[in-house]
Structures are given as structure tokens and as C-alpha cells.
Amino acid sequence: MIQLHNVYMSYQGDGAALSNVTLKIAKGEFVFLTGVSGAGKSTLLKLLYGALQPTRGQVVIDGVNVSKLPSSQLPFLRRKVGVVFQDFKLLSNRSVLENVALTLEVLGWGKKDINKRVYHILKQMGLEHKLNSTPLRLSGGEQQRIALARALVNEPKIILADEPTGNLDEESREKVLSILKEANIRGSTVVIATHDRRLIESSHKRLIVLDKGHIVEDSDES
Amino acid sequence: MSRKNVAKRPKLAREGVGGRLHYFVERAFTNIRQNLPVNLLTIGTISLAFLILSLALLIFVNLERVTETWSDRVQVTAYFEGDLSPGDLSTLKARIKAIKGTADIDYVSREEALQRFSGRLKGQEALLEGVSYEILPSSLEIHLKKDNRDSEAVSRYVAQLKKIPLITEVQYGEEWVKRFSHFMNLVRFAGILVAGFIVLAVVFIVANTIKLTIYARKDELELMGLVGATRLFIKVPFLIEGVVQGVVGASVALLVLTGVYLAFLHNADFFFSFNTIEAGLLFLPASHIVALLFGGAALGFLGSLASLKRFISL
Amino acid sequence: MSRKNVAKRPKLAREGVGGRLHYFVERAFTNIRQNLPVNLLTIGTISLAFLILSLALLIFVNLERVTETWSDRVQVTAYFEGDLSPGDLSTLKARIKAIKGTADIDYVSREEALQRFSGRLKGQEALLEGVSYEILPSSLEIHLKKDNRDSEAVSRYVAQLKKIPLITEVQYGEEWVKRFSHFMNLVRFAGILVAGFIVLAVVFIVANTIKLTIYARKDELELMGLVGATRLFIKVPFLIEGVVQGVVGASVALLVLTGVYLAFLHNADFFFSFNTIEAGLLFLPASHIVALLFGGAALGFLGSLASLKRFISL
Amino acid sequence: MIQLHNVYMSYQGDGAALSNVTLKIAKGEFVFLTGVSGAGKSTLLKLLYGALQPTRGQVVIDGVNVSKLPSSQLPFLRRKVGVVFQDFKLLSNRSVLENVALTLEVLGWGKKDINKRVYHILKQMGLEHKLNSTPLRLSGGEQQRIALARALVNEPKIILADEPTGNLDEESREKVLSILKEANIRGSTVVIATHDRRLIESSHKRLIVLDKGHIVEDSDES
């Protein structure tokens, strides 16, 4: 499903954010990605949804070589990938409903189906009563769950979640984790970048540790 | 909810181009509503820019009209030996009519000539004591068609006229026609320069303003791309929004212009005992109005398109 | 680093108003640099708006000049019985000069009158055969000062003139002066209307544009307040930025206008054998240029001030 | 230092975000504020730096009744309070240096002193090499530490930190905590809103728990 081969990534002028990363994540896997702040987790995820192109090396998602993908094809890759951004990226002038609906509108869903589906997922997140709020009128944790809902609403093949529980309490965190696990059971491949040791430890899933852009540990290989 | 249900996406909004368009238009109007302050500022600026443009056009149209009136004075006078019989006169007229560029022919008899002459001498009528009308020749005054009033066309016309045997002399104020012609060219040149200038300025003002509003929404553009929207899907609502802004802006400008025009008509009448209807102060012709509205639409469209290019490089 | 060191804040940037101002100016220019794209768009729009404004002014200045030339034709002719001795003539002239509004007096002798007359009869000189110059009277042609050329002032002037005993008749084309007067009023009214319109439009366009750019930076305004900046501290750099945008915009507009003016001078000369220097095509006088620059500054300042009000309600 | 008396806060149209909150935090205290997502932690902090006015009740900071403070005096209150915002609120068009310097510029510090002080605090955060970066070129955790640096740089009397470690790894978290504790030792009153149980447990400090806008636990009083 996801393959990285000798990937090297450096932002203009800076040193390498990722060095020589080779990685294989099979369809249906559930993976944690961890490492100190600035280790390159977000950078790695950005490569997987085509927000960045690797400086060197190959990134293959679902059989498609992202580095060789013409930009007109990129949207179709992104529709298979649901992303929870570390900074949420919610649109502050749209309601919660509209923010979550975006993913489905892009796919051409009809209004009725969208409303039904969005209500369903917001209810799962415990936020159905905030449907008509705007993101700026939500608490930090509520925003984070909206971002999660937007990523999951179309049940994408791949779910990339960048620090999805940083603003959540124990209980919400458990709920979010179980929702992600359910999606995983239904077939989605899940990659979660997180600092949350407790989350990682309680899950007994594959763990990849980054440090200064290198993979220093991969529980699957050791 | 099983995966199967969802993975196969449910029925589309409305299938086909119509459904898509419906979605895009709805999206565009929702966007306008959700970004109302920015949209109002943009539409305001477009209105003002178009107000200047349409005002310039209005002035231009009326100036054109005035200069046309002036050019009515370009006239050629043909003199002939002695008096002509009515039959000869009408053959002569017919021959002149046949020359390309003739608009109108007036016969001026000796009596009329004398009358006019004494009119011009107002205050010095003493001079005419003892002058009989027989001193003055009768003549034909020929008005030319609009397109034949510049200096070259007139001299070409006169050359043709001179070929008619009965005509002995042709007068047409060569010097005056030349100067008038120059003046008209200059006015036209200046007018086109100014108009071109204003059009350019308006185009850039509108484009700049739209660029600013899109700038303020670059996060939205970025996110749409990240969520898997195609370039077209991102752009179309913005383009529709641009068209709406352009058309609304142009319409508001035209409404205000109409208001000002009517107020001016009314007040000029009142304050200056200047009969505006008689003076023929024109409003913009329908063609110009349509052009302005289309211009607004096109400008909004192209302004958005150009601005989007900078941000959508998926 | 001990708390004592820091709690007592170290020496200020530069103490006093000077130091503050220095900080604010530096901040403003840093802001311009850091928001360059938006600033360029804003300055571009302001330039274009001012270009239209200054172009309108340029046209206005030149029209004013043309109408002034036209109004030179408002002249009063005074006739008197028989010929005057040189002594009488100069007393008469002196008396006329004494009347308020007199600009210039020309003596037209009988010979000159005849010459002019025959000039006007071009083509019909036959009429003058046998006419001697003694038929024509000699006269004084009086030009009026600029402010005395409207219909009322002229008739007041003529009334004064008629009181002088030697003068037997006064002619001034009453009808023509009246119509010219009306026409001038109309032109002036329309000119002021159009100019006012354009000024208003430009003011709003600039204000709108500045509002858009400040809109795009409302996060910055909010954060400054949260970090403990006073209203003044937040506003001043934005106000300076607005002034810079206004002045730079106005300057660019004036530069472009100068370029176009020179290009026009050159090309009009070339294409129309129209001697522009002789025709006296004017550029904007220094006072107008200064006014435009100050206007730019004021507009930038006030535009920013008004826009900031919406966002700073600490 | 901080006193809330019968504070009731509701956003327009919504139910109460805070109900009947009475609270006293002494000068030099170190307090954790916790509670599930949406419990009202951020709302409480916003009252303390005057971003919100209570619907009912009194908020007194450093002897000043915030609800009665004329808006022209508010900046002077805010200069005594360093805030780490949950959403960072970094200015993306300014460099890291300038972002942190803002707090000092507002106080009228000279350029040299500012540069020296900012460098010092960034070094403490381990980010001195990012001085000239802009926030968008930083990782999430780096941004969070910049936000923290900006709040601490003028050693304010009161430090309010809203979820300051949500994007940080264990190690950075410890460092941040120790920096906050140092500031506390030097005299600052510190209030930290967090979900991080581990942080709370390892610190043995006063803990206030909010739920649905009510204070349901206060380790100082129980």
C-alpha cells in the first residue's frame, strides 16, 4: 500500500529533514510513527499525501509512484487518503458541517447523503450539537475532532493522522483511537504520528521511530 | 454502516454537467455570503471603477455627438454663371447628388444671399445702402455625409464637383476644413488615449482587487487541493464569484450613472435654463450598456482566473 | 539571568518621541517588506486610481485654459461720432480704463475697419467695389478682464460705458455673450460634477483597497492587542504604512502621467503637425502636484485609520 | 494574585461555558487546570487575560478588577501576563526572532537588548538555530515552543499556558516543564491548562478540575 525507497528530503537551503528512509506499510496495517519534535514525522506524512515531493528517492502509494505523478492526477490520489493535519486546517468561515462535508463534496456526493453521513460521523465524535458552529467558536479539542471527522468521513483507503490527540483528554483519546481502529478493521491503512507514549503502549501496534530524519527503530523489523 | 455502502459513493449530486453547474453556482453564492465583508468591498471597488469608466464613456458619447454637430458646418458652395432655368437646376442637382458623399443640396437664390449678407453685417447696415441683390451670385450649398468631412475627402469631393461643366466656382473654406480636420483627429486621438487609459486602469484596479480577495482566502484554496479537489473544482466557484462581482459591480455603476444623469438633466434644466433635451444630452446607448455588463463579467472572470493561477499549482 | 535584571526593563529603544517614531517608521517599512505582494497590489491600485484622477485634472486644467481662450472673444466695441483728435482719444481711453473690468483697449481706425471687413467678405469682394472706407466708423475695441466676462458682468460694464458722453453706441453681441455665459456655466458645472465624482470614486477605491489589505492582517492586529500593545502602538505603523502607500501610489501615478504627457506632446506634434507648445497644452501646475501627493498621504492615512477602527476595539 | 468570584460565562446564544466559578490563586503558585475537552479551561484562561468579559461575576488580577477595567488600561494588564495560546497564534509572515521579540517591542525595549534576550530564551527551548525561520517552516512542536518563548521572554508576573505540551515529545515536555518551574521559582504565578495526566502526576502541584464549566475538584481545597 505504502512504499518508500531511499527517500531523502530537504527543504530549500536546510539540512535533510528525512535521510535515506526506506519503508513498507502493507494494506490494512496500523502504524505509529514517533520521534522527538522536529524528527521528521510530519514531513514523512506530507510525502504520503503529495504535499511535498522527495528530493531523492521513490514514494509509491497504492501502486502509484507519487514522485512521477502528473499534478492533474494528484487529486485522485488524495481522495484515497484522509489526513488529519497537525494544525487542523479548518476553514474558519464555514460551519462545522461544511468543513466536514468538503471531503464528500469533492467526491460529488449529493447533499442529502452528505448531511446524513456528516451527522453520523460527528455523532461518533460526540460533536453533533456543534454542527452549525464555526471552528473559531470551538474548543481546541473539539477542533481536533472536527479535523479527524473530515479525514474519516469518506472512509478513505489510507488514513494519515498527525498528532490527532494532542488536545484531547484521556476519554476522547480512547474514543478517537477506537474509531481509528474500527476504520482499520474495515480495511483502511492507518498511520498515526504521535508523541503520546501511552497511546502507543496501550495499542500493541507496529511502531516506527524517527530521529533526525532517520528511521532508528521499526518494531516490525526488529 | 458497512464499508461497501460507503466505498461505492452514493448517487451524485445531480449527475451530468447540469448537476455540477448547479453545485458550483450554489457554492459560489454560499462563498459570497460567507465572505460578505470582503465581497462587499470588492463589489464596491468594481462599481466605482466602472462608474468612472461609464462616466468617461458617457462624456465620450456626448462629445462625439457635439463634434458631429460641428462638422455639419463643413459645406461646399458651388457657384454658376448667371441664372439657371428650373430644368437646368434640377439636372445639375441630380448630377451633384450622384457624386459619392453628397448628403443635401440647398439652392440659395440672390435674394436669400443678400438677406444672409445683411444679417452678417448687423450694426453696419449703412454699408448696404444702394447695393442691389444682383451683385450677389446665386449658389448651391452642398452638405456632405458624415464620413466625407475630413480635409482629404472634401478636396476629393470638390475635384469631382469641378468636373461638372455648369459650375464655375467652388468654395469650401479649405483652410477651415483643414484645421477642423486636424482638430477632430486630435480630439479623437486624445479621446481614445484617455478612454484606453481608463479602461486599462479599471481593468487593473478590478484585477488587483480580486487578487487581494483571493489572497485573503489562500488557506481555502490550499485545503481544497489537499482534500482531493481537482483544479477545475476549486476554480469554478471562484470564477463564478468573480463573474457575479463583475456584473453586480457594473450594474451598480450603471444604476448610479443613470441616477446622476437624470439628476443632471433635471438640474441643468432648472439652474441654467438650458434645455437638455433640445441640447440632446445623450445617455449611453444600449450597445454600450450591454458591453459594460459583459465587460464586468469578463473582467471578473479573467481577474479571478489570473489570480487563481498564482495559488493553484497543485 | 536574575529576575531583577529583567523585571526592570532595560533601557528603551531610544527614549522619547523621537525614538518611538524611529521604531514605528522602521516597523512600518518592515511590515511593507514582509507583506510585499499585498502592498504591491495596494500601491498598484492606488497608483491607477490616482492616474485616473490626475488625468482628469490634467484634462480639466487644459479645458479651463481653452475656455479662457474662448472667452477672450467677449469684447465690447464702443463707437463715437466722427473722428477724435489724439488728445480726445487718450482722455477717452483713460476714462474707459478707469472702469472696473477693463483689460485692454484697441483703437480701430476706418482703414483698419475696411480691411477687416473685406477680409470677412472673402470670395465676394465684388461687393466692395466702389465702397470707400469713409462709410465705416472708427471704434474702440475693449477686452474685459477674465472675471468680467459673464453675461451679467458684461451688461453692468456696458451700462458704465454708456455713461461716457463721447460714446454714441456700444455693441457687444448680447445674445452671444449670454449663450456663451450659459455654456461656460454648464461646462464648469459638468466639470466640477465629473471631477467631484472621480475624487469620490478614487477616495472610496483607495479606502476599500486599504481595508482589504488590513482585513488580510486581522490576526496580526488581534495578536498585538493580546500581547499588551496599546491602541496607538498597534495603529501607528499601519497608519505610516498607509501614508507610504498613498504617497508612493500618487508619485507613481504622476510619473506615468508625465511620461504619457511627454509622449503625447511628441506624437501629436509628429502625427498631426499640431504644434502642441504653441497650442499651449499644459501639464499640471506645481500646486496640483503637491495637492495630489498630499491627497495620497491623507487618503492613505485616513483609509488606514477608518479600516483599523473595525478591528481594534480592544 | 488571581481571584474569580462567582464567575458565569456564556458565549452568545450558547449555554454556559463556565458556571459559578470561584477561585483564588496566590502569588507564586503553580497550578494545573484540567478537564475533558470543552470543559471550559481555555475560556477560564481567556477571562484571566481579558480576551473575554465574564457574563456575571468578578475577575480580579493583581488587584485589578478586569471586568471594570477601561479598555485603554487592558494592555497594561496584559503586559504582566504571558500567554501560550492553544492555537499558538504565531505571525506567519514574521521570523521566529520577530515573533518572540513582539512582547519586548511592546514594552519599548531597545533592539540590542531584545536580540540578546530572545536568543537566550530560544536557546533554552533548543531552537536558536531557527531564529530566522518563519513559523510555517517549523514543525508543530517547534511552533509550540516558539509560542512558549514569546510568553516567557519578558518574565511576566503571571504565565498562562494553554495545552503547552500537546505537540511535544517526552523530552521537550520535561524541558518545558522545568523552564516553567524555574520561572515559578523566580516569582511568576503559573497556570497550565492541560490534558497531560503524566505531566500533572509527576509534578505534585495544585490541580483544578473543570467539568462542564464547574470546578469539580481543587486539590488545594480538598
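Per-chain numbering from 1; labels A, B, C and D assigned in written order.
Going forward, a contact is a pair of C-beta atoms (placed from the backbone, for glycine too) under 8 Å apart; a residue touches a chain by one contact, two chains touch by 3 or more.
Every value quoted in this text rests on a predicted model; they were computed, and no experiment measured them.
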{"item": "Subunit D and subunit B - chains in contact with each", "value": "A, C"}
{"item": "Longest centre-to-centre distance from subunit D, chain (CA-based)", "value": "B"}
{"item": "Distance from the mean Cα position of subunit B to that of subunit A, given in whole angstrom", "value": "58"}
{"item": "Centroid spacing, where centroids are CA-atom means, of subunit B and subunit C in whole angstrom", "value": "26"}
{"item": "Euclidean distance of C-alpha centroids - subunit A vs subunit C, Å", "value": "64"}
{"item": "Subunit B, residues touching no fewer than two other chains", "value": "none"}
{"item": "Category of the chain touch graph - line, ring, star, complete, other", "value": "ring"}
{"item": "Which chain pairs touch, all of them", "value": "A-B, A-D, B-C, C-D"}
{"item": "Complex contact set, residues of subunit D against subunit A", "value": "11, 34-38, 41-42, 86-87, 137, 139-142, 144-145, 162-163, 166-173, 195, 197-198"}
{"item": "Subunit B partner contacts - residues on subunit A that touch it in the complex", "value": "49, 51, 71-72, 74-79, 81, 83, 85, 89, 91, 93-94, 102-103, 105-111, 113, 117, 120, 150, 154-155, 186-187"}
{"item": "Of all residues in subunit B, those that touch subunit C in their complex", "value": "37-38, 41-42, 44-45, 48-49, 51-52, 55, 59, 117, 120, 123-124, 126-127, 131, 135-136, 171, 182, 185-186, 189-190, 193-194, 197-198, 201, 204-205, 208-209, 211-213, 215-216, 260, 264, 268, 271-274"}
{"item": "Complex contacts: residues of subunit C adjacent to subunit D", "value": "1-3, 6-7, 9-14, 20, 23, 27, 30, 34-35, 219-220, 222-231, 233, 313-314"}
